[in-house]
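So, here come the structures, one by one.
Two complexes, one shared chain (chain A), two partners (chain B, chain C).
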Partner chain A sequence: MKTLGRWLAEHGIAVGSPIVTLCVWEWASATGVLREAFFPRPSTVLAHLVQLGADGTLWAHTAKSLIRIGWAFALSAVFGVGVGLAMGVWRRLRDGLDPVFAVIYPIPSVLFLPLVSFLVPPGEIALVVTTAVTSFFLVAFTTTHGVRQIDRLVVEAAVHYGARGPRLFAAVLLPGALPYIFTGLRLGLGFALIVVVAVEIVSASTGLGALLWLSWGILKVEDMYATFFVIALLGAVLSYGLAALRARLLPWVQDVGAR
Partner chain B sequence: MPEPSPKVVVNEVTVTFESHGRSVTALEGISLQAQVGEFLCIVGPSGSGKSTLLRVLAGLVEPSGGQVRIAAERPGTPLTAMVFQEHALLPWRTVRDNVTFGLENRGVARAEREARAREMLAMVGLTRFARHYPHQLSGGMKQRVGIARALVTDPEVLLMDEPLAALDAQTRTIMQEELLRIWAALGKTVVYVTHSLEEALLLGDRIVLLTARPGRVSQVYPVDLGRPRGLEVRGSPAYGALLEKIWSQLREEVVRAMAEDRGGDA
Partner chain C sequence: MALAVPALLLALWELCARLALVSPRYFPPPTQIGWVLIDRFAEGDLGANTLVTVTRLAAAFALAAVPAVPLGLLMGVARPVRDVVEPYITFIFPVPKITLLPFLLIILGVGEPAFVLTGATSAFFQIVISTLAGVQTMDPRLLEVGRNYGAHGPRLFWKIIVPAALPAIFTGLRLGLGLALVALVAVEFIAAKSGLGHLVYRHWQMLSTPEMYAAFALVGALGLLLTRGLRALQARMLAWQEDVGQL
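Up next is the complex of A and B:
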């Protein structure tokens, strides 16, 4: 009982704020403060969510989106970490690529879809590659910075104790950059979800983005909110999952907040 | 009987850096020697190139002129191992894996390097912390790991770059006594850089005083205060006299360094 009390004291706000929001929304829709046609009650949305899950629609679309996110994330992780490490180690490469990245990075990802469709087979592959673009830049940026921020004295000590070439890279530069790489991956995964929904809205008939847009188009507002909810939940699960993975894989990282 | 040959010979070493397009002379014509098993302290004002001199000995900085010779007696062991200021441990390695890092890079087999690490961790009193990460240790404990990491490679010469400067006064005092104990047990040749005269007098066999930039050898003082030496030496008249004598010289250099810094800003 006492531990529950302490847990509530620490996480009360995090647990309470969504509950309060939902309660206020429920009340507002029920009493007509919000128009129920556009803002259905959370309890109604929940009923629709259960129904969408029961008839299999939701799972099919969610699986489709997850597969796309998985491929896009894998692409951006492999190329982002690779390019980022290279840029961190070789100054000339960094000097050359930095301005190019700075120009491309702020372009909204969805706009790459036509461009990507010229370069790779349109359809599923173009969709995945487009989703990967922004994530790639995020991962590459953070990885480069991760290599650059390693304490020079630590590198000097490692060199003094005989770490050279590939050994210096594997034992010092890569582990030193890992906390930043994980941050980049977490951001990249979040952006993959954002972009995949946008791309599905624009050019797909499957996936959560498509389901959301279709529900809106035929004014099945409750289904639209149900999809919203799934997307939000997915984002939270992926983000916290990667954070938990980082805490498990990098036990030596000292969080600033825990100091 | 043949004259004992020196362990470390530094001959007319000069180091110049390029800094902001200007060439800065950090060390100029440094010559000194350390005998086998000697504890040699290097003292000087900030910017006298003390750390640079150690890095030349460690092979991390190439001298612009002059030579360094370290007599290698045991093949297969490194010439030098350095204890860094601010410890410079690898944060992602446990205490034990930090200690074995140098041995790993030299291709020593796992069983042997773990046995040697255990022995060294026992010597610095960290056996119970072998599986901890550096961020879980206090400043003094981190520096003990730094010392174990250096000693485990069994170097010909141990280099120490202000290893206790970042510690609080009480921890520093304890660590000084520890250093004396370890040095007495292992008999290593040590080159020890410090800005603290008191520390140099407590630890050193001789004190080399460097001038303000560019660093040159100003004076070499033998420390005839006997061994084994403990903190009680600070109460002896000989200690006070020597401190007074070296400080009057060091003071001049410090004042000169400060005046130069102000001149540089103008």
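Up next is the complex of A and C:
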């Protein structure tokens, strides 16, 4: 009880302010201060959320998006860490690829959809590859940076003691760059969510982005809010949940704050 | 040396397209794209659409930065403000801002305000978070020294806190501008009828690939110019600050 009181004193405003907002919103929509056509009452949205969840629509779309995110994340993690490690080690490769990456990286991933759909079979594969593009660059950048910040002395000592090739990689470079790689993976996962929603809006009939866009098309405003809520929840879980998970599972790995 | 690899890649592409090793319909040779780029720019429609995107970007950036920096600073110095505002920021920050587009489209109607606001929200949250972090992570000794020398209230704020947070604010503005560009081009691709993003979409649908790649290249050039240019500006203006944020 005492701890609850202390917790409330500490976080009372942070918890209270959203609740107050929701209540004011409910009241304003109910009395017509806000147009209910645009700002449906939170209770109505909740009812729609429950209904969408009960008839399975929401789960199907969420699962679809999550599977796409998972594949895209796996692709960008494997290739990003691989390319990043190589770029960190070989100066020539880094000098060569840096300008290429610098031009490609700031291009929004959705724009890659046409290009990717020329390269791979359109449909699911094109969606996943497009989603992976930006995450790949993020992971590659942070991994390169992670390798480069490893203390030269450590690397030289390892080389002196005979660590070469794969051993140097597995025993020195990879663990040395790990904190940065984790930051890159976390950011990459966040970006995968952002891009998957955008790509689904453009060219999919399934997934949360598609559900949002289709609900807009037929002006089901309550369903839009419900979908938005699920996307936001997913974003919060992916970005804050992952950080918490890392702190718990790998307490020795420091998160190098990217912002 | 630094340009050798890109040049080599382009040459390889050119060769493959000319020899029809890859379909020139989907991957036209870079020289052809280059000519189209010059042609269309002179003719007006590429240039005009670039201008549209840049104008939207400027509007979105201004709309985001003007309220975001003061809000971030205020959150940094006034605990109650931070407690009230922070839940919303943490909730909305990781949400893909493109999801706000359909809401803005029904509330504001299909048009410039909805497009620009989607870009602005994208930048807004990044700038608030960076600014707040700048105030929170400032060296507390600076505050103590300031107080000991008699700085209070507004003086402490303007002479100590703002300069200390300046590098983080600048980083936030730089990242925010990049995010605004990404969101805007995506919005153009999805919903607008003008701008570089829309050009890529339209020429994709019409399969006029040289024009598509030309617009694509312009987006890349714009992004490069903004990120590199701002980073150089930051390094120059805040020369005493060694860490200007790697990402």
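Throughout what follows, the second predicted complex is superposed on the first by the 209 of 259 C-alpha atoms of A that agree within 3 Å, B and C clash if a C-alpha of one lies under 4 Å from a C-alpha of the other, contacts with A are read in each partner's own complex, and residues count from 1 in each chain.
Quick note on the criterion: contacts are C-beta pairs under 8 Å (C-beta built on N, C-alpha and C of every residue); 3 or more make two chains touch, one makes a residue touch a chain.
This structure is a prediction, so every number in the text was calculated from the model and none was measured.
Look at A:P106: by the touch rule set out above, it reaches chain C but stays clear of chain B.
Measured by the number of chain A residues touched, the leading partner among chain B and chain C is C. Of the two partner chains, chain C is the only one touched by A:T142; chain B is not.
In the superposition on chain A, contact is made by A:A14 with chain C only, not with chain B. Within the complex formed with chain B, the chain A residues making contact are 151, 153-154, 156-163, 167, 171-172, 175-176, 178, 250-254.
Put simply, chain C touches chain A in their complex at residues 1-6, 9, 26-27, 80, 83-88, 90-92, 94-96, 98-99, 102-103, 105-107, 126, 129-130, 133, 171, 175, 178, 181-183, 185-186, 189-190, 197, 200-201, 204, 212, 216, 219-224, 226-228, 245-247.
Contacts from chain B toward chain A in the complex involve residues 58-60, 78, 81-82, 84-86, 88-93, 101-102, 105-106, 133-135, 149, 153. Of all residues in chain A, those touching chain C in their complex are 11, 13-15, 17-18, 38, 95-100, 102-108, 110-111, 113-115, 118, 138, 141-142, 145, 187, 190, 193-195, 197-198, 201-202, 209, 212-213, 215-216, 219, 221, 224, 228, 231-232, 235-236, 238-240, 258-259.
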